[in-house]
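Take a look at the structure below.
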Amino acid sequence: AGEVIAAFTKNQVDPHFEGVRAGVEQMAKKMNATIRQYVPTKPNNITEGMSQLEDVGVTRPNLVLFMPIDPKAQLPTIKRLIESGTPVLNYNDKAGDAPYLAFVGQDDYKLGYDIAKMLFDHLGGKGNVVILEGIKGSNTGDERKRGFDAALKEYPNIKLLASQPANFQRLLGLQVMENLIQQHSEINGVIAAADASALGAAEALKAAGRGNVAVVSINGVPEAVEAVKNGGLLAIAEFNGFKIGCVATEIGLKAIRGEAMPKRVVIPGAIITKANHSEWLVPFQQRTCPAAADYAGH
Amino acid sequence: MTTMDSPAPVIRRPQQLAPGTVAVVVRLGLIACIAVLLSSLSPTFATTDNLLNILRQASLLFLVASGLTLVIIAGGLDLSIGANLTLCACLSAAAIKATSQPTAGIAVALGCGVLVGLTNGVLINRVKIPPFLATFGMLWVAQGIAYWFMAGQVVYGFSPAFRFFGSGFWLGVPVPIWVMLVTGACGVIFLSRTTIGREVYLMGANEAAAVLSGIPVARRRTLLYMVSGLMAGLAALIYVARLNAAEPGIGEPLLLPAIAAVLVGGTSLFGGSGGLFRTLLGATILTLIVNALNLLNVSATWHPFVTGAIVVLAVLADAAVNRGARR
Amino acid sequence: MTDQIVHAALTAPAAALLRRIPGVTFILVGMIVVFAIGNPRFLSAVNFTNIGLQSSLLLMLALPMTLIILTAGLDLSVGALLGLCGVVIAELLVAGWGLPASVAAAMLVGLVAGAVNGVLVGYLGLPAFVVTLGTMGLCEGLSLVITNGDPIGGFTPALENFYRSTVFAVPTPVLVAALVYGLLSLLLYRTRFGNYVFAIGGNKDALHLAGINANLVHTGVYLLCSLTVALSALLLLGRTNSAHPSVAVGMEFEAIAAVVLGGTSFEKGQGWLFGTVLGVLAISVLRNGLNVLSVEPSLQVVCVGLLLITALLIDRNRKQASQNGA
Amino acid sequence: MLANRESPDGGPETMAVRPGRDQGTAEPLLRLIDISKSFPGVHALRGVSLEIHAGEVHVILGQNGAGKSSLIKVLCGAYLADDGVIEHKGRRIAIQGPADANGIGVGVIFQEFSLAPYLDIAQNIFLGRERAFAKAGIIDKAAMHAAARDVLAQLGLNYDTWTFAADLGVAQQQMVEIAKALSQNSSILVMDEPTAAISERESERLFEVIARLKQRGVAIVYISHRMREVVALGDRITVMRDGAVVASYRRDEVSPDEMVGAMIGRSLAGLKRREALAAGAPVLTVTNLQTAKLTDISLEIRAGEVVGLAGLVGSGRTEVVRAIFGADPLRTGVIRLDGADFAQRPDRSTRAGLALLPEDRKREGLALPLAVGENATAAALWRLFRRGWFAPSVAEKVCRNLITRLNIATPGPAQFVRNLSGGNQQKVVLGKWLAAGSRLFMLDEPTRGVDIGAKTEIYRLIDDLAKDGAAVLVISSELPELIHLCDRAYVMRDYRIVGHLGRNELSEKAILDLAVHQ
């Protein structure tokens, strides 16, 4: 007990990461460990993320919970950290091949595929859609996009009008959508790689009097879930930072305390709709961590 | 070369347009050209909807850039506007949520903006930190406070009355465009028809001479940074009302576009010349270009490149117009 | 300035010497003391390596930026250019061009960028801020267009190995930065070109009247900067093991801040190359120390701002004190 | 482009025009023939011809804007002449740039300082000529500083050559400027108003050096608005007006009055001393003022008085007026206007009726990128209201009145002030304060670099101000000017007032006795 855990998240802007941090804190408290949060001062700054990894190496925490801003760039640094004897668990985003304690996250490809299918079915298998991508090069963004594309292939009557990056951001989502609205008089559905850009897009649509366009996204932060409740968003594929944080912390701590732990925990994501949304309306701080065993099955 | 001891023989030059007028005409011409080109290429361009869309996007950019324009004319620079906007947005959104009073939010946003501006002014006047560094430092401080205050959360969901400022229409025109027109008109009147407005140009053209002409330069400068902050606060309100949410990442990405809008508009970074109407044109040009690329189905990856090219072309055009007039 | 300090050391009372030392020095020392007390590992060899590595890239941008600021200019395009050159090298390596050819191509890109900046600022007298804001967009845009926004990886590990190598326990990137510092300071303080850099910032007409092609020298400063940046792309690639279109965008502001922290001013050609080293170190040490002490993330952001503001505050107070004392 | 490229066969082409009025016998070192130069809208030089002889001082006289500096700039390659021929030792040459001029041994002391503030004295002196000290591209600093000390020694100066130019006073800068020109060992040394910023003592040194150089056979071209210097130094005197040579004399052929007549195109009545007026109530009283530099400054000026503030350059005169105006902070002391205290801040001073005409009009007096109108109303903006709003029409009217009243040569208020000649620029700065309705005028070197014509107009204006009941404090380094203008004068030395001279005590000797260290 009393271990020090360094937990990395990518920015202080997206509530998804607040969910991660809340989960980590709650579980650490429960298991008697101390958390130190590391977030780059500039959102998603790769080189800064690397420096923070290097600096954390100096403080020799007992455990590092790591999500890459960019896996290619950060892999060598993380490998050196592991070589120097610091146990590292990879969570939220896949971070390439390295001797991690474990990976805890979700299947982004599947989330993308599922939510796209859900939208296409909602549209009756035909119509015009646009995609708001995430940050290029991030594992989550790329995998989700792959999932969207796979679903698209199965629906020949769904037409992809445009696929533009909105970088998981709200303002960009709004602006990109505003412009797409001008170009395309008929848009039936929007698939966003994350809640923030979906919410921005939904605002743009509403302002243009096209509130009836179905918007789906991935994440399920309370704000977006509220929008599902109000009909602003159609549905969300759950990418649950809080759960990821909890489970990652539990597995990591148990692993360094000597318990045998699974190497790979993939938390399934539900499709959040008006029908089932209430569970996700609860603020992160008031949620209770699930047990890792629920997902890891031991 | 700078001009040396300068002309005496009083020879009336042929009636010629002032460089400022030329700059405006060049930009209006550019806008006209793009518009004509686009309406022939894309049927959707010339629709009222699209034009209002362009103007609405431009209006948000203009609001952020307007206060900056004054600061730049006076020979300064404000890199903190983006982060200031963020902070104002977060604090005011929280205030509205807490009190369910839009007026509380308005007061907080404007107050916070002015306060950050005041701090800039004090750092520059009293502590004599160069504007670049002082406002760059404030950028970090304001951003940090916003992060700390929000603690990773988003404040969202506002009353329709408040949201009217961002997404409402009046007489068929989006409210932000009205806000742009009103603030723009106030600014133009301020610059041309008030003592302080005239002083802004003198300060920018030669600060030492302005001081020795009895212009209270330090106080004026503080005032201008406060106005810049005020406009960041106003823009914050519009953004919050438009996005229906406040998060600590909204303002920073607006900084460079705002600077670009001022410069593309033709306000000189040397200080002493420029104006708000030009910034309005600059904001319009930048927005128009992105809209054009979209309508022409050019990939979004081209946007920064084209924007950069426009900035360079704008300086080159100005240089060609007042060839030799300036250092 | 170095010469003036040496001269003061030899001839003037200690107080005069002290007055010449920029305020950032005191902050730097203060920070080191505080961080060392906060966590003794701050003073470990590993951490010095970290600070060195983390400083070296910023230094590579800030050093030539000092020369540009000495000419009363500014180069906002360095971050974007660094990214672009990285992309070019990576793209060509992947295409099988081999390192020398790829680097040559990046140098060519640097040359073009520097020439555009230099000619527009040096010959046409256009404001550097606007010109380089434009080229910043052009460079960032080009990287995006070339890569379609995707990062490039999977090229030779040689760059990473180079980046990670050490010479007598000193990381190679630190040596590279030190070498660049040495060369630039030789250039700035011991050659004609160096004198002309100060003269351009102080009185470009005077340089012209002295029969020197001042515009050419002025252009040369931008070229020098862009070429150094192009070379630094090797360090960036070594560090990130991949090329990203906009990794380094934003670094230009940090580089400029470091230069100004070090006591170089935008006016009159007043400045000091070694001050830039101190400015860069101040930024790196602060960031590193905050991490080592695990300071709360939002507070870290505030601290960066406070560093920028307080360093000059010290200078200001000392100046006032010395004036009142005189 | 100069139309004087070498002809294909390399020899000089047939001479078109000969310099008109010069009948020098010896072959001149340098001959300028029919040089013309125009700028957009301005004919700066119209067919100027001039001969420069070794071992002679050739003075060029002319009003502001007559074209003196332009001629010099053509000669040193800073400007390319549109037309004309230059011959060096009888051979036609082309001066396409500063390097060509250096090549034939032209050295110049420019009217505007050409020092780089953050290069040290040695670097400044040898700027552009570092190659002499370089080995494999690396400069030998020790050698360079030694050489710099040598040059300074010739001028009797022992400055620390490691000092940045920025840390030098105006006079010291000018001396370095002179040293820089001397160090070139030029065969032709051009000096454009070298004494405008230095004290009499330093001027004397310069004159000694000039004498020595003459003996060594150096040709000197000397520009000055100070008639005394012209008479004392000039071997040949060429007078320019409106870009053309109007007369050329040997010194013994001509009287100062004649020269002035040629300059302004009419003869000028000799400078009579200003009439004293009955002084009114005290306008300004300064008691025991002290700043970071100044100590013990007490003075009083009454309505209708013109009071001088004399002293050597660097004695602190500028500091006094800046402190009174509130531009520099006070330590202690009482400053009263009409017997009442007022806040020491430039904006308050302005509104209280103080006016400060700064010594450097380009740096501190004018906003060069702006128009005449904007500059002339800069200190009066707070008065130019109509119904609560700033009124451009009122401003324009005020400005037009000023243009007429001060006889400012400009097409109108919209002209850029940078396009005006020095004298007219100075009138704009004065006009700024007239528009502000000031009652106490503090004029710091009001006629620096101003030609005789404009000078007399400024004198007249000062007299008018006094007659209108204003109080005037004049700083001038030209003692005759002070004596001509002032009813009485305070004399400064080492940042304190060391004496006061009444109207009848005022003489150059009396001032110098007080101003110079015993």
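Chains: A, B, C and D, in written order; residue numbering restarts at 1 for each.
The criterion applied here is as follows: a contact is a pair of C-beta atoms (placed from the backbone, for glycine too) under 8 Å apart; a residue touches a chain by one contact, two chains touch by 3 or more.
These are the chains along with the protein names UniProt gives them: B = Ribose transport system permease protein; D = Monosaccharide ABC transporter ATP-binding protein (CUT2 family).
Here the structure is a predicted model, which is why all the values come from computation and not from measurement.
**Q** Find the chain most remote from subunit D, comparing centres computed as mean CA coordinates.
**A** Looking at centroid distances, A is the chain farthest away.
**Q** Which integer distance in Å separates the CA centroid of subunit A from that of subunit B?
**A** About 35 Å, centre to centre.
**Q** Could you please state the distance in Å, as a whole number, between where the Cα atoms of subunit A are centred and where those of subunit D are centred?
**A** Chain centres of subunit A and subunit D, defined by C-alpha means, are spaced 71 Å apart.
**Q** Averaging only over C-alpha atoms, locate the centres of subunit B and subunit D and give their separation in whole Å.
**A** 42
**Q** Which subunit A residues touch at least two other chains?
**A** Subunit A, residues with two or more chain partners: 12, 41, 165.
**Q** At least two other chains touched by the same residue of subunit D: list those residues.
**A** Answer for subunit D, listing residues that touch two or more other chains: 78, 112.
**Q** If I count partner chains per residue in subunit B, which residues reach a count of at least 2?
**A** 1, 140, 144, 147, 151, 270, 326, in rising order.
**Q** Every pair of chains that touch: which are they?
**A** So, checking each combination of chains, I get A-B, A-C, B-C, B-D, C-D as the touching pairs.
**Q** Taking the complex as given, what residues does subunit B use to touch subunit D?
**A** Residues 1, 3-13, 18, 192-195, 197-199, 201-202, 205-206, 208-216, 270, 272-273, 324, 326 of subunit B touch subunit D in their complex.
**Q** Looking at the complex, which residues from subunit D come into contact with subunit B?
**A** Where subunit D meets subunit B, its residues are 39-43, 63-66, 69-70, 73, 78, 111-112, 242-243, 325, 327, 345-347, 349-351, 356, 358, 363-370, 374, 377-379, 381-382, 384-385, 389-390, 392, 409-411, 414, 418-425, 432, 436, 449.
**Q** Residue numbers of subunit C touching subunit D in their complex, please.
**A** It comes out as residues 1, 3-4, 7, 11, 186, 190-192, 195, 198-199, 201-203, 205-212, 268-271, 323-324, 326.
**Q** Per the contact definition, I'd like the list of subunit A residues that touch subunit B in the complex.
**A** Its residues touching subunit B are 11-15, 17-18, 21, 41, 43, 164-165, 169-172, 174-176, 178-183, 185, 196, 199-200, 203, 206-208, 221, 223, 226.
**Q** Within the complex, which stretch of subunit C touches subunit A?
**A** Where subunit C meets subunit A, its residues are 39, 41-42, 44, 46-47, 50, 53-54, 57, 148-151, 153, 160, 164, 239-242, 244, 247-248, 250, 287-288, 291-292, 294, 296-298, 300-301, 304.
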